[in-house]
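Each structure below appears as structure tokens.
Two complexes, one shared chain (chain A), two partners (chain B, chain C).
This part shows the complex of A and B:
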């Protein structure tokens, strides 16, 4: 039945459109109340106009403009005047309407309606601390885990069960906008983006807003946009999130490397052990132990002396490692001691029976260990060399490559310090950002908050790095 | 293609398809209807109110890999506003409507009433009403009734599947899904039509021959 038009509509079937002069893009109107000249900038879409001279509400749903409510009020001066144009995200927009809204009079915010005949409507929205660029969606998000999801991105609940009312209107709108009209609102966020649901009895609409960089608004409309909002905006990304991630990555790699290196080059190997007989007579004896061979280019050599179960006695030990080939020497010393007794406070004991001396940076080679040592007895009244009997053996063990664990720990702390700093700043930012949320702190900020989310006393540990910005 | 002279002003007017038996004379705005072998004049169409739609007669584009041309328009109004329905004629001979409201576009095609089984839709076809918010199933997808109201034809131009005199009133019901699918049902004295489609952007239609408007640069996506 459609065979007659099987051919593609081509230039032969339609007169080619003349290179027509561009059509007018506004409709002129006189305000039925004050007679002021009004331009309808979105003619065909616009339903309601609030006169920019007298605030009267005019119905333009039908070809003849009709006065709905007459006012003789001076209009408010707007930060961005109606009719202003600006380019945002590559498209030029004209400001055609302005709404001031609030939650029953508090938490006020402003919305400017933007229009481009080829791209439709957008919004720029501000609460005085920053600007967002919103577009009404033609679909609804899916419901993900704990919040809506759109294009694979999930959003966290932020404001719930709000009631937004219109407090002031100026310019033109594609619906019958009225001061006092209310919608139920819910807002969901992810860093840089807000997803807003508005519902009345007959309609649900979703708007997706992108947080604008202040420079974008300044470049587009020549205003001065607020910076460094505090508290942050609900959808403001934490400036610490990215450096924190980077620092965590680098820190983890560095810490891992450090630990691997410490083990690879610090694994402890027993090279030699032997017993030295000790006599508690205060006489210095010398014993040469060895040979001890170390093979790495450089290593630390640890010499441990364990004096068994001596009591009220000490053993002084002086070590000299002598390279058999070069006669190069490396010196260290140790002291093994133990004391015990009883006084008015009861029994006591102190001292350590084993001691480890460390010699750093010993080059490869074969060494003798020369030990000069003396055993001494101590009594509560005086030194005593008397008795001077055999005091048992001191076991000397030599090992290589023992790590200085304290050094590794200091290095780890130094590595993690910037991470901790960034982490605490991030938590503080997230807590402040979520301070106004109806669902309370979530995520990391939730994990690090007490029951008093709104506590601003500054005693919280995440305020440790507070700066002058609050 | 049928080319005839307008019985009112004598200008040449063309009818591209028997499926589009009505048209408005481009020169004198007389509504013309094909009947039998002849052409009947049905009075004058109303003047289209001024708007800033970026679409105009003759605009071309592509959808589902098929090219189309805009050949007709009906302007509908209701108590709280008005919108355009542009008629698209595709190169395979099929037609679709490009609805334009609130700066957004919906592309829908007519479906046979007989293949609609949803009880709420059947109710509407039978002349009853269903409340806004009613859920319907369409090819396994859930849609809800987003709007139901009387709408009135304000004006028309070009070729159309029906004559659209100003003041012609029909009962119209809109359906939306969460995925961007949309449908509408129009009912008038026992006759029901059903249209099914989805939201589109002008960008994805790769339009050529868009309307130029003073003070506005044509968009980057225009061909």
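This part shows the complex of A and C:
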């Protein structure tokens, strides 16, 4: 966006900002084409004005208000009528000019020139998906890493090497505007702000635009501005960024609390241990171990079986904790196994000789542990249920504890899921926002993008969370 | 505080509460065993 000044500074100089004097007055003219009465609202600053009745462009600087040119196109109905007044960011502005611009007929946008005799000129700009409030800068930004910087804020390149032309003009302006005039444009963004550079052969100008909340435009000019436009505007902040940061802090605190709790209550107390003699004959035997007394109101009871040095064999173990007082039973099972051998790839081994079964929600009481177990041999050619002899002892250890490690993992996953949802929505938003950029996706959106894809191509995790309203 | 942040804070409290409750009761949905349901093994007195 932006407009050249009527003055002609050197090509590397920043154009002087439009006047912001405190003394402007109105002036009445008659249109030399149609005779209609024209009010010049910013008399003394306005250079050209377009007749509201016949669309003729008139040179106000000429005392005789010479007719410059006349458009055949009828005056179109503007979204904000010229002469309308509205308060934006605490200042009352009057709409005095209208420009419709485009990139050689494509990607059109509209600019309304606002005027306040004490604050000078501003712009409200829209491409149909949102509104921005622009002010021409009186200084050039610094050049930071990869883009310009202004007041300590850096801006990222977004549109580059554009050519903006004026397609239509209405109202009054502080420079000699005409249809067809072109400037080279570059735009840089940061969340909520766009920094635009416009240059022609004689000058360079910079404009800083702030994204307006739809409620601001509605309050100022009664415009029902679009909400949740898709794809987002180049300088539209991700609505997920701030909640994501806040939620990440909360999630980190909660995760830390969980881990502290897990360590604080993660210990276990050995209640009982004994040996079971195992014979590898496939026969099921039953042994009752105990008594085992658990004292807390509720607890987890862990039953560990260590089968010593068994090899190419397994021991099936079925456990039943029986409450001596109530005969209520708590069941679990275990499998201690170990296999080894050698094949074309060399020696191998697998299985675990010790196994732990964790029984949940065991109330306080005195229990017997009934173990039904059988030992079995395995050969590379077939199972063998008999013929084996004594295979050594399986050591049974019973302990009580509180914390299941799986609970810690489940809790962390539950904490992480909303964060993951927000993160993927954020990435999706950023990919859509940067999809229109001339420099491609950067940052997280770039990291999660495939090669030269756009938001509609392919499948990625962020698309899993798209909604129809987007 | 934004509504989403508040809701997530509430969610974190619920998760922490569930974890604390599960710890108190020695419960886990992924436990290897628990109280036998109907039809489970029945034992008579297992002690003298």
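Just so it is clear, the second predicted complex is superposed on the first by the 311 of 470 C-alpha atoms of A that agree within 3 Å, B and C clash if a C-alpha of one lies under 4 Å from a C-alpha of the other, contacts with A are read in each partner's own complex, and residues count from 1 in each chain.
Keep this in mind: a contact is a pair of C-beta atoms (placed from the backbone, for glycine too) under 8 Å apart; a residue touches a chain by one contact, two chains touch by 3 or more.
If you're wondering where the values come from, they're calculated on a predicted model, not measured in any experiment.
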Open item on the list: Which partner chains sit in contact with A:176 here, chain B, chain C, both or neither? Use first/second/both/neither.
Closed with: first
Open item on the list: Between chain B and chain C, whom does A:357 touch in the aligned arrangement: first, second, both, or neither?
Closed with: second
TODO: With the two complexes superposed on chain A, say which partner A:333 touches: chain B (first), chain C (second), both, or neither.
DONE: second
TODO: Could you look at A:104 and tell me whether it touches chain B, chain C, both or neither (first, second, both, neither)?
DONE: neither
- [ ] Give one of first, second, both or neither to describe whether A:227 is in contact with chain B, with chain C, with both, or with none.
- [x] neither
- [ ] In the overlay, answer first, second, both or neither for which of chain B and chain C A:89 touches.
- [x] neither
Open item on the list: Let me check the overlay on chain A: which residues of chain A are in contact with chain B and also with chain C?
Closed with: none
Task: List of chain A residues in touch with chain B within their complex - done: 1-6, 8-9, 13-14, 17, 20-27, 41-45, 47, 61-63, 90-92, 115-121, 136, 138-142, 174-176, 202-203
Open item on the list: If we count contacts the way the header does, which residues on chain C are in touch with chain A in the complex?
Closed with: 1-2, 4-5, 8-9, 11-13, 15-16, 18-20, 22-36, 40-47
- [ ] Under the touch definition given earlier, write down the residues of chain B that touch chain A in their complex.
- [x] 1-2, 14, 16-19, 49-54, 56, 58, 67-69, 71, 77, 79-82, 84, 89, 91, 93-94, 101-104, 132-133, 146-147, 177-180, 199, 202, 209-220, 222
- [ ] Spell out the residues on chain A that touch chain C in their complex, using ranges where they run on.
- [x] 242-243, 246-247, 250-251, 253-254, 257-258, 261, 265, 288, 290-291, 296, 298-301, 319-320, 322, 324, 327-334, 356-362, 368, 370, 401-404, 406-408, 410-411, 414-415, 418-419, 422
